[in-house]
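In the two complexes that follow, subunit A is the common piece, with subunit B as its partner first and subunit C second.
Then we have the complex of A and B:
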């Protein structure tokens, strides 16, 4: 039971990191990123591949963040020329492109067979609970650092400018400030967070394959952000944890009545439950649990 | 030192919104632009400020051509515009709207933000004090902490003016600054504009309120159907038969 709770907590923390990245990009800056999973995948594969070449994990994590941020660069350049809805389509395409590239570039990623045997974080502590707890402590620390950094940003001149971009980009230009520079930085920073989340994921699950990086992951992150409260750091944390409650709570349902529902039906039911929650939230609490940027 | 606008033409399909518009003003001066609805006044602002590219024509400020610059670069060159329909940052408070406009903030860079927090804090204090003074002058103190999206139309106009002032330009382009603003405050704002003008800031003002405008600016450009109809003192152009034909439909003033 402890092992199970720790496992949920680690996956939950990975979603917290992903949601913090999206909060920066969409919640604060208004960039509709539907390809978040692409940056997550780049981080996961980058760290897995270089660590298996003997690179220490600290360096492989940094490499994951860097590579994800670099991947955001061309997307950022595109973002400067596109309206919100078109940018959403481009990022959705980006996420899928990353997945297809992973599937087809077998020499690097081993294609659909995937990469097994990725080194664990804190492998020195063994496979059991101590190693998992140490991993949980590490990712919690990263989450706290990321949340604090984001909070610092929201209360700074930089935060003021990106929220101004979200509210009215033209007016910001009229004041002599280039939205472009800020958008690229925001995309890269959010992507770096997703990259680090991916690295944690790779070294915790220890096995990667392309089917772990479907668009659904992106939309889980969107759901977490919307349920928690768009554009709020605390909302990202609360929303990601709530998402885990839904995803894992439905698993418990199956433990209670194992014969009533098959595994496949369960997976569909889980999606349905999350979808229903999302609908109820948008109907009855559109500002999310902790409130969003419109009600400060 | 001057703003020189030469032969601006802008057409959409067969419709010529601007047709060879030229005028010139001291960049420290006061110039009004009047004309009936659809005369092309706001389009002219958008072309001069770089938001809409001209088909033909050129814009130069204090001897430097602005033709190759985008809107943000033109603003940094010292020319700030406001919008006819206010474009406030609606989720930011009035104070934040004004503070966002201050130029050259080192806290707008991520490196400065995390590596030099002391400097950022000192800058923020200075910018906040400046915003506070501007808020007081514009009589927005009561709504300083209100999200700008919740303000009345007139108050939003004042926020736009406040932001323009915070940006510290040499020349301000005001698009109907008095629309929806209460008459007492209009007088005060005009007094402030004169005061700022006395300190070397130029104003180019589009205004429907002819009466208010004629008390503010010594010279106006009259536009109609994308062309400049007349230029001169408000009294002189109002006496012009062509202007009265366009603006007042030929009725005696």
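Then we have the complex of A and C:
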């Protein structure tokens, strides 16, 4: 039981990190990133591949963050020239292209067979509970640091500029600020968070394959952000926890009645529930559960 | 080899063109990229499959596909997109993803996830100038041509089509001129749904029917719509053909999986170099 709770806590914390990244990009800056899973995948594969070459995990995590941020760079260059709707399509395409590249470039990623045997975090403590607890502690620390950093950002001049980009980009330009630079920085920062989340994921699950990085993952994160409340750091945390409740709840449902619901039917039900949540929240509660009530 | 790929590319391109037509109509008039277009296609493919299994007639299958996709498309508008009309575009984008997931989930629950195929009779390929063309390809190309002719007929020869184009050009001016937005929008979503339905049916006949088929084709449809110029139906079809041929002809060199990536690269290049596409209006995408 403890092992199970620790396991969902770790996965939950990974989603908190992803949601914080998206909150920075969409919630604060208004960048409609539909390719979050791409940065997550880049981080996961980067850290896994590098660490299996004998690089220490600390360095491989840093590499994951760096590579994800670098991948955001060209997307950012495109982004600052595009309207919201086009940017969404481009990032959606980016996420899919990353997955296709992972599937195709077998020499690097082993294609659909995937990479097994990725070293665990805190392997010195063994595969049991102590190692998992240490991992949980580490990722919680990273989450807290990221949340505090985001909160700090919202109260800084940088935060005021990016929120102004979201609210009225033209006015910001008229004031002599250059939104382009800020957009790239925000994208890279959010991508780095997703990259670190990916690294934690890779070294916790210890097995990677392309079908773990389907677009649905991006929209899990969107669902978490929208449920929690767009543009709020606390909302990101609440949303990610609600998401875990949902994901694990649907798993329980299947464990209770394995005959009634087959595996594929459950996958469809989950997909439908995510879709319905996205629709209903946008329609009736765009500010989320703990979001800012003064704004829609 | 090249000739065969070219023929395959044309049929594939017509499918993309029809899907891109659905995307570009909605993008040009309702002003957002509808991510549910792909799954609307899937709905059409399954409806066509059922009708084909029941009757064995491809024409009836086409009718069923058009009816089902049109209904799904209209339902999406009335239930979701219409209440969101005055919201920021990001809301519409997220809601469209939601609609796409719900359609795919429902189809997955009803029909399961195993791939299904249209039982079409095998026939000898027709030899034409040294090219071997499967008769089914000719049938499909004819179907697509008829569907396109019908769509362009509606757009250019009927009153509602003229009203749609007027709304696409300038919604406020159209309103002031006494065009009723609701009627135009209903016609738009029906037309876009019908085009997606035919595209889904053709894709299903050509490959396999599965709940994921439409979503997988979505990116290519977006790319074609952007390449053709948003809001330009003729551009969408032409761009679809270009992309279809490019994807088929390049497959021996870049491999099967990078087909979709090719569409992505084309889309990026167009957005950076010529954002209005081949025939798009001068409008800001930036």
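Miscellaneous remarks
By definition in this document, the second predicted complex is superposed on the first by the 281 of 296 C-alpha atoms of A that agree within 3 Å, B and C clash if a C-alpha of one lies under 4 Å from a C-alpha of the other, contacts with A are read in each partner's own complex, and residues count from 1 in each chain.
Quick note on the criterion: a residue touches a chain if its C-beta (ideal position, glycine included) is under 8 Å from a C-beta of that chain, and two chains touch if they have at least 3 such contacts.
Everything numeric here is computed off the predicted structure, so don't read it as measured data.
For the composite obtained by overlaying on subunit A, subunit B and subunit C can both be accommodated side by side without a clash.
Partner contacting the larger number of subunit A residues, of subunit B and subunit C: C. Of the two partner chains placed around the shared chain by superposition, subunit C is the only one that A:226 touches, whereas subunit B remains out of contact.
Between the C-alpha centres of subunit B and subunit C, as seen from that of subunit A in the superposed arrangement, lies an angle of 80 degrees, given as a multiple of 10.
By the touch criterion stated above, A:272 is placed in contact with subunit C alone, subunit B being left untouched.
In the superposed pair of complexes, A:152 makes contact with subunit B only, with no contact to subunit C. When the two structures are aligned on the shared chain, A:251 is found in touch with neither subunit B nor subunit C. The minimum CA-CA separation between subunit B and subunit C in the overlaid arrangement is 10 Å, rounded to the whole angstrom.
Across the superposed pair, subunit B and subunit C both touch subunit A at residues 296. Remark: subunit A residues 26, 30, 32, 34, 78, 81-86, 88-90, 92-94, 96-97, 100-101, 103-104, 215-216, 219, 222, 226, 264-265, 267-279, 282-283, 286, 296 touch subunit C in the complex. Of all residues in subunit B, those touching subunit A in their complex are 49, 51, 70-73, 75-76, 80-83, 87-92, 96, 99-101, 103, 105-110, 113-114, 120, 123-124, 147, 163-164, 167. Against subunit B, in their complex, subunit A makes its touches with residues 149, 152-153, 156-158, 160-161, 163-164, 166-168, 170-178, 182, 185, 189, 293-294, 296. Put simply, subunit C touches subunit A in their complex at residues 27, 31-33, 35, 80, 83-84, 87-91, 93-95, 97-106, 108-109, 112-113, 211, 215, 219, 222-223, 226, 255, 257-258, 260-261, 263-264, 267-268, 271-272, 275, 284-286.
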